[in-house]
Structures are given as structure tokens and as C-alpha cells.
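First chain A sits with chain B, and in the next complex the same chain sits with chain C.
And then the complex of A and B:
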């Protein structure tokens, strides 16, 4: 469905709106934007970019745009997984901590100061641990029936503790060059991290829209009772989305952390806030059944560019605080929009 | 009447597709099904009738695999089917079209039809969307709905009838050998009903067995070959439709032995002094909630118990919710003691002296993990509060008074409400509203799921309140209860009051004939 048909189906004049009484209170344009959140986010993103470009044309320089993409590539990768989790009406807030743990593991395995293992082998170990942790989340949520917010909150804390134990407050240095290629290298002029993110985003889009598994993920999130009646196994599907997210956190760590020459014990802190905000801003419904990968990617870009814009505004030390405040406002607005949109659908 | 009937009734035994053998199922001590057996033959439309709570829905759930029976077998073509497994039921060719068409609101028609059995390509990796699209179109064409709606739209945007068509299309898309339909015409228009009937006949011709659950007797007589009646979780009779009459069918559904309990309670029927001069405490004038109920008008006077009977979905609870301010009305008005009930909020309704005991007491009526005492005083905390603090002494006194008045059997007011028996819990729900000192009491299924002894106590309490001047509206699907308790009985059907019967002339047959919709009559269509 395009916005064109959406708009014509819900005329601008509130008087003609026939769907429900509650829809009368929302103006037509806002309503159609609520119906297709991706477009709303895209418009907002375009407006932000335009505004910044007018104030400071340097923003549009290819190098800067590339930096924006490179910086946000790991978030987009993780957010793709978290989108599926949220579509099944669950949540995963352990992704940031997991990225932190995996960074530490990767540093310890490859650094010349520590194990100095083969880089390819180290990468496989990182991906395996990420997948394994995701699977533990999945088993606890789907089979032990612990609410996902509790499971992943516990996991967040436990992994953070494990990371601090491993790193003992020190930075890991002397990473091998072949590892840093993942974060800083390019293939045919395109950074590896952007290529990886693009590949995984496309794969996630195909999973979401073109595969039986994808449809079942949405079905479970839309109506878990009906899903059971259709012979689906909501447990297995939930186990899958958490495991897949763990794997993606592994990939994001490989391309995201290696661009620095050192590994900092604070890596991954608050990533979960950024990612969940981006997914919800991108149109996924916390109550499940709804959300698209493209919306999530737009959400990541919007939030990422807001961060860059703040840098351009030269706020200095206060930058982080502003970024947090704006992120918070975004998530509240997105949930509110979701709530109003949900009312309309009823 | 289809000409095929007599031929089919003869073919029965050799053509049995499914045999249901001695199925037992109970929910927390309440027997939903106790030892039910029946057969359904290939190419037969088999109607299943029974009052609310007779066990029809439970049987459907067992056939669909979503509920596992405690005991018993289902044989498909003579071989035992794995029970409690949706996949096994599907593999046996059982397709169920549910009463409230279960659907994935966020997903498109395509997806709703194929979720779980998607056409695949590339070795099962990808969805074959082209196949989904063309097959869906073909299915909708068979249903005569090809042009009616856009199969790409999320089904939450479709009408109820269209959503049901999606459910039909899903069943059609399976290679179904037994089609189970639970009240399929409840929300269909006349035209859609005709389409559905033609389809069912088509199925029958193709040798599919159809289990058709409906309250609409006309439809049963028009469509079915045999009819089975359940009552109180037991199989009462199975007969060829040719040998059935409507009177006989209603008689089977109601049951003679019920008269015994009926008489037993009728001895204790109190004689209500008619006081026609009184201003009605509760009065409804043309109350309407679009699509739910229309033009509902009645009154309840002080000391009067007015029963409200009707089938599930007739709109009784919905009327109660509007009176209580839980839902808004679209037209009409509610008067309390002659004064319009202004505003539309539960708070306002409570201030004006209305109390409602909701149908689903576990979810709506009690905070189960909280103590008996806390539950009782929840609605009156304001009265017990001084300077923002709740007086624990006054609370204790109030609780003791209520527990005594209600005869609640609890070890102490401090035990959690969930530890009490069903009957005592129900007394708590009534009691917590009595604490608000209401003038009008609305009871929605006050004795559902409670045992006989507790039921009698709840009845005693209701009578006692009426004698003290309470205007009571008693909504109940338990016909003997309505007959025994009410001074007058209102019957609702498809969102309208279909009749009023005085206590003297009330019989189960009369109530049922008013409650059961004539097939696809204009009146029954209003709810669609």
C-alpha cells in the first residue's frame, strides 16, 4: 500500500472519515503518516538533513555522509534483529552489554598483548558467543516464560559485570591490522562496515517480507493465540528472533568496534537505548505485529544524524546530555504516535 | 429442505468419517464435557445444538487440537487422531472457522490464509508470493468475494463479514475433510449467508463432512442432514433432521429433568409486592450503541428483580456496560430515579448509585492476590479516607460488617481473595459493590461457574437485597435461574429486546423461542 491510497482512503476532511469516531480527532495528514510511519520518518529525516545542510553545507560532503553511515552501521545491524524481537511483542535490552562483552573477548583474543589468536578464528568465536547469548535469552523468554524485559535486564547486568571482570578497567591495545580492516577498510571504495550492514539489512528485509519464517514472526506478534491455532510454534519463533539478534550483535561488534585502535571498557553502554528508540521511532509497535526493517533503518539514520547535528552545533561537553534528552523525547513521541495509531485501528 | 436428506441418512454408518468417543473435559472441577460420543459422516452436514455452556465450543476446540481432553478418543477413518495437537488436526483434514474469526489483524488477507502452510519456492526458502496471490484470488472467487475487497490490506481494516470470509478462504485452502463452523452466519448479511450455504452444499457434494454449530434453528432445518443436541456437557440425542421438529429440538435443548431444579427453586420464589406508583429507579429510553444494540428501553423499580435472558452475543452485557458508564451510548438515555444519568463515566454511575457485578469476575471483579478485606473496600476508599489517609479502624469495621452480612467463609479478612471458593469469591464481588450502598444493582452472570450450594446462597443474597428495596437487573444465561429469580424477564436477541415475559407465564420454551433468532430475519441482521 502506498501513502497515495492511504491518504485517499482517509480524506482530509474529518467529517468524511468513516472509520471510527476516534479518528476524527486526528488531522488527515497526521493520520496517514501514522498509518505509514516509514514515510513520516523519511520526511523528518529529509527535513533534518535539509535544515543542517542550509546552516552548514559542509554536512553534505561525501566524507561526512560516509562517516554518518559508518558510525551508524553497527546500530543498524543490531536494530534489524531487535525489530524482529519487538515485532513478536518482546524486547531485548541486553544488546549493548553483549556488544561490550564481545568487544572485550575479541580484544583479548586478538591483541598482541594477550592471546594473539588468528583473527578469523577469533571472529568465529565472537559470532558464536553472540549467538549463544541470544539463544539463552530466547530460551528463558520462550521456554521458561520469564518476561523478556526481565531476562534481558538481567543479561544486561550480568554481561556488563563479566566485561568488567575480563578487562579489569584497562584498555586493550595493539590490535592486529587484519582485524582493523573490518572497521576501517574498504572494498571498491565502500567501507566494509557499510557493505556488511547493507547486506544484513537486505537479508533481514527478505526474511521479513519474503520468507515463511518472516510471516510467522509477524503472525506470532499479531495474535499469538491465532498463531497457535494455525499450527505455529510461538516458542520456536521467539527463540529464533533472540538468537538471530545475538548473532547480529556479534557481526555489529566485528565491524563497529574495530575502527578504533583500542578497545575501551565502556563500549556498548547505552547502545540498547539508541537501538530500541530507533526501532520504535521507525514504526515498530511495542505491542507486536507491526514494524518494518526499512522503518528501523530510517529510525537509526534519523537518530544518528541528530547526534551529528548536535556535534555541528558545537555544544561541547553538553553534547551527550542533549543527545540523551532528544533520544528520550523521540521514544516518547514514537510510543504516543503508536498509541494514537493503534486506537485508530481499533 | 434439500432433497438429498433421506438418501444421506441411509448412507450414514458406512460413510463415517470421524468418530468422537467418550470425550471428557473439565475446567477446574466444572465439567464442560462428560462422556460425549458422536459420529460425523462424509458428505453430511451435521448440526450441533445446545444452550450456552452445553459444551459445543469445548468439543470444537478439541477437534481443532487447541484443547486436550481429559479422556476419550477421536477416530478419523477408524484411526485414532493425536489429540491436543493443532498440526495433527490439520493433517487429518479438520478445518475450523471460529465464531470470532481469529485473524492476524496486522497481516494481509494472503498472509492470513497461508500462515503456517505457505506456498514456498527455492526449496522452501522463500515465499511463493505469486502463488499466494493467484490462489487467494481463486479462493475469493469461489467465495463470490473476488471484487469485494483488496487482499493486500491488513485484515484489521476489513469488515467483520469480510474477515470471516478470510477464515473461510483459509479453510478452503486446506484440503479439508471436516469443516467445523461455529455460528458462521452470526455476522453475515442475507446475501453472504446465501453464498455460504451454497458453499456448504458444494462441500457436501464433494464428500466433505460439515459440523455446523448454530442457534438459528431455521438454518439448521434448511441445511443439515442430522442434528445432535448437547446439554450440560452431555450428548442428549442425534437424529435425522427429517424426523425433527423445532418444538422437539428446543425441548431437547432445554431438557425435562431441568424442571425438577426449576420447581425446587420456584418454591422459594418470593412474592414481590407490586408498587406501580414508584418511580422506576432504573429506566432506559431507546438506548443505542451502534452495531451492538438498538433502541433498548425498559425500567426496573425498587425491590424488583428483572431478569435478562438471551444468547451469548445478543448484547445483554453490552447494555449493562453502557448503563454502568464503561462504554458510551450513541443514542438514548439512562434515567436514575427519574433523573437523567448525566455524563458517561463509571465514576458518575457509581455516584448515582449504580453497582455492577461483571461477568468475568476473576478479571474484572476482584484483585485476586489482594486480601479479602482490601477487595471489599476498594470501591469505598474515598469514604474511608480522612485527610488523605485511610482509617484502618473504619476499614476493619466495614469489612467485618460486610463479611457477616454476606456470609463469606474466609479464615480471616487478611487472606488473599484467590484462596476462596468460587461461590465465596462471587459473594465478595457482590459485597464490594454493596459497600457503595447502591440503589441499582446489575448482576452479569452472577452464578456462572459456582457450585450448587454457593449458587443458592448467592440467590438468597440477591432476594434479600431486593426485599430491602434494591432495583436489580439480573443478566443470566442460566434459564432456570432467570425463571426462578425474576419478577419479569426481558429477552434480548441480536441487539434488541425481543420480548418481555411476566413471571407467571414464563417457561423455558417461551424464553428460548424469543432468544433464538429466526434465520437471517431482518431483525437478526441489525447486528451485522
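And then the complex of A and C:
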């Protein structure tokens, strides 16, 4: 119920998206600097990294930084899709369960203990199932008018059950090396998962800011009635964002889960919470129309380094238990900062 | 998530259709429940005996008690994702203070105060800072569970005194948590259906701005509702600890989704303005009976997740297909 004044996500977005009265008096660049959460998150991230680096310089070792990026690459990929979903004022909380289901499918198809299918074919099947489930979400939300929180909550439960049925409580082992390469291998010294994440993030940024489709996504999220009157089809655009998210979950599964030598039935649990949290910390508004890919990536990194930071601060093993408390506090701080900065959502 | 403020013109017509449908929704739930129980009685006669049902009912009360404040919150078009985490934090506070030598009664009071605090914090962020409930409670879902993990270091506390574990036992042949639930359900139903506050709760779900302009203290109502949810979570934490004789940071994991599923299955609209206590009770019962029957008959409770998920989507799909367009 909070469709109030929503600030435009990027300076050149169409008139539908800009509804703040002050926006005309301040030049575009300055406004985008002030209005965006990205800078706050970037500063917080920089401060955290600097503080940890001072306490324990080992944090800045390339191997450690690479680990942080590899661990967060799948989340960044999924979060890019969820950003688009949240920009259209919908939500997708089924991504974690979908990743779990796709992991199980991937394992069952490729493992030497099970189907032992051709890896390329198996990857295609995983991507196809991911896209298909995303499309089901999209059809139910856009064409059947079921609220997205209900659709994806139902999917969250149903897909988790399907995963457990498929895996029957066992772990899947003996994944072929060519599949493991996606998660553990490197091309020219850069891990495959980081390369994939970077490529998809850049593609998503181009989609968001440089294509008509991107503009339309923001327009639908800012004001669905105006978008419809302007001749856009909110249904098709919503179907697209959910399908795209399903596809990205497939990619994230391929490059993220394959770094483990076994697939356990709990993979993907609570991913949706982490991803939605990161997107919101990155500045996207749950009431739609606002949010950027770069903000989301910064949000993923900020929440994702909490665990590593706690380890490197060497304040004792027991401190790592506080990871989730600190992640939760980050969101509350972010929304409180918005409130104090006078940017009420209502 | 959506703005319902601009389609109030069609309200009388829609309200008629929705009210008509609301009864129908509950009728469908009763029919499904009856169908399930008749089938169960034929295949597994022992399952439908009163004694079996009473024994199995120990699993239902925590879900049922949490579903009551959640119904009210969802009717105001809010949501509370933090109930499971609040349960965990309360259980850990209960356990840790008991282990530190506090009398168990006082430990329960501490747990209740913790639940109250958690609810008030949610309420303040939602009502006063005016952040979307989904965001606030998503944050506190992590934060409260994190606090529970931090305080307990992931350890479990057990060996509570027998006087405490009897809370989850029977009184005159009836389960004490069930009696508590019946009392709360009655109070909630009366408050929602027969008091001005109840009308205000429905009205807030339809159009909050109009409510504020009509002089309804929407902030106060929100603060109270989220506080009640926190208190209910602390009560369920105490009941859980008594039933299982253990308290740890994993208590209530995923509980929020079960509760929301039950409430929405019971016919409460996620957009607010619509819902009833009786529907919620039927939703809880339907999920409970399906779950127990499947694990009784097939010794397999995995399939049921698929069924519950699909049931949830289908029930709301039916709901939206039968109501006229609008509210987008």
C-alpha cells in the first residue's frame, strides 16, 4: 500500500517514473548522486573493508577476495533478476527453492551414480527448467492475477518438496569433472563463476538503462496505470521479469552449486531471504519503480562479506554466530537512514 | 505492494461479491476437510478416532495460535515474516535464563517480555518509521534469529522441570494449548467481527489513507497488532519448549511461511480488507489434517509440501478468478 512518491531509478528514465517535485531544480547528475542508496552502501562497504584490512591485512589477500567473490557470485546473478521483479512492484521468494530443485536435477542428470548424461545437455535442461518455472510464476502473477507473494510462497513450498522427493534424503556425489569445472575452474586466471556473474550483471545493467524493455520495466513499476495508458503491456513485462529470474537461477545453480563436490538437499534454503534483503539494502523499493543493478550488487557484497569479516576480525569463533543478526541490522539501518534523510516511502 | 486507493467507487458491488465468495471459500474448505476425513476414516479407521486426533493435535496449536494475530495483520494488508525468528529468540531467552538459575516462571516472563519487545520494534518501524512491513519483518527475521544464534551459540537447552513441561499436557482430558487457542480465537473473532476496532482493521486493509483521514488511529492499531504477534510468538515458544523439552535457536524455522500459508488458505486476502477467524481456523485444520494423514498413511511427509504449495496457489487463483477485476 505504499505507492507514494518514488524517486526515479536513473536520471534519464521516462516522465512516468519521475514524480518528485524537487527533481527539476537539481541537475540530473547531482540528483542521482543524492537520491541513490548505492553511494551509502558503497561507502559502508568501503569502510567495512578498510576497517577489517587495518585489523587483519590478510583480508586483502587476492585469494581471500577471490573467495568472497566466488561465494557471492550466484547470489549476485539471482539478485539481478530479483531486482527487476522488485522494480515491477512484485516479489519472488521462490528463487532459493528453485535453486535447490535445479541442483537436484543437475546432480541426478550428470552424476555417475545416476543418469550420467552429457554435461552440456544436462546444463541446457537445467536452464530450461529454471526458465519454465520462472514462466509459470510469471503467468500466474501477470495473467491469473494471483499476488506474487502467494505464487512464489506456494512455489517455495512446492519446489522444496519436489527437491526432497527427487533426492530421497540422499546426497548426490560423483559429479563429472567437466561439470565441476563451472564451479571450480578458471579461464585466464579468473574463476568461471566470477566471469559469468560479471557478464550477466553487465548485461542486466545494459538491459535496465539502455534498452526500451528496461525503461518499460521501470515504467510499469512506477505507475502501472500510467504504463498501461501509455500503451505498454504490464502483463508481458511482468511475465518477462519472472521468466528472466528463473533463467538466472538456472545459471546461478550451474556456476554456484558445482563448486561443492556433493549436492545436499538443503542447498538453496534461505537464499530467497538473502537475495531479497540484498536487493532492498541496495536501494530497490518494494513498492516498485526504483532500484538499480549496481546497488543490488553492492548490497550482495555488503551482506556477503559479513561472515568473512567476522572470521578475519579474530574476535573468537563464537562471534560468527552473530552473522545473521548483523545482516538484519544492516537493513534496519538502511531503512532508518532513508527515513532520517526524509525519503519516506509514503 | 499494490495501491487500492483509487478503486473505491466499485466498492459496494465488489463487497457484495466478495462476501458471497467468502462464505463459499469457507464452504470449499469444509468440503475439502470433510472429504479428507471421510477418505481417512475408510482407509485408516484408527486415524479418525478422537483419541488419535487429540494425540496428533499437539502439533497444531503453535501454528494455530500464531495464525490468529497474523490474520489480523494480513487483513490490514500488512505481513509479519518474523514470527518464527521471534519464537526462536524467546525460546533461547527462556532456556538461557533458566540455565542461569532463574526460576522457570520468571524465565517465562522474560520470554514474554522478549516477544513483546520484538513485536514493538516491528510495530515502531512499520507504524512510525513507515517502512513496508515486508521489509521490516524480513530484516527482523534475520536479526531475531541471528540474536538467538548469537546468544545461544547454537546450543540447545533441555531438562526443564516437570512442572513446566506439563504446560503442554492435558487439563480435564483436553490439551491446555488447545484451550488457550480456543479462548484466543473467540476473543479475536469477537474483536474482529463485533467491535469498532475490528471494523477499523478491515477498513485499513481497504484504504489506509482514508482511515487516517477519518480519524482512525491507524498507527496505534498497527503497533498493537504487531506487538500481539510478538506476544503470541513468545507464548508459542513457551509451549514449544514445554512440548519438546528443549529450546534452541532453530525453533520455529520456516514457521512464518506455514502460518501465512494457513491464513491465506483460509481466505484472507493478502491485499487486505478481507478475512475471518473461522477461515483461518479451517485453513490451519486443513493443512494439519492433510499433513498428519499423509505422514500416517504413507509414512512420508515430503509429498505434502508439494500438495500444500499447490493448494495455496490454487485456492488464491480461484479466489482472484471469481472476484471482479480491479485492485492491481
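Simple rule for what comes next: the second predicted complex is superposed on the first by the 288 of 346 C-alpha atoms of A that agree within 3 Å, B and C clash if a C-alpha of one lies under 4 Å from a C-alpha of the other, contacts with A are read in each partner's own complex, and residues count from 1 in each chain.
Heads up, the rule we're going with is that a residue touches a chain if its C-beta (ideal position, glycine included) is under 8 Å from a C-beta of that chain, and two chains touch if they have at least 3 such contacts.
Predicted model only: the values in this text are computed from it and were never measured.
Judged by the touch definition given at the top, the superposed model places A:41 against neither chain B nor chain C. Once chain A of one complex is fitted onto chain A of the other, the partner contacts of A:211 are limited to chain B, with no touch recorded for chain C.
In the superposed pair of complexes, A:146 makes contact with chain C only, with no contact to chain B. Judged by the touch definition given at the top, the superposed model places A:89 against chain C, while chain B stays out of reach. Contact with chain B, but none with chain C, is seen for A:229 once the two complexes are overlaid on the shared chain. Set against each other, chain B and chain C differ in how many residues of chain A they touch, and the higher count belongs to C. Once chain A of one complex is fitted onto chain A of the other, the partner contacts of A:290 are limited to chain B, with no touch recorded for chain C.
Taken together, the two structures place residues 1, 225, 345 of chain A in contact with chain B in one case and with chain C in the other.
Interface of chain C with chain A (complex): residues 1-6, 77, 79, 125, 129-132, 134-136, 138-147, 149-150, 152-154, 208, 257, 260-261, 264, 270-272, 302-313, 316-317, 320-321, 325, 328. Touching chain B in their complex are the following residues of chain A: 1, 206, 210-212, 214-216, 218-219, 221-223, 225-232, 289-290, 345.
Contact residues of chain A toward chain C in the complex are 1-3, 89-91, 140, 144-151, 153-162, 164-165, 224-225, 273, 276-277, 280, 286-288, 318, 321-329, 331-332, 335-336, 338-339, 344-346. Across the complex, chain A is touched by residues 64, 66, 86-87, 90, 96, 98, 102-107, 111, 114-118, 120, 124-127, 129, 152-153, 156-157 of chain B.
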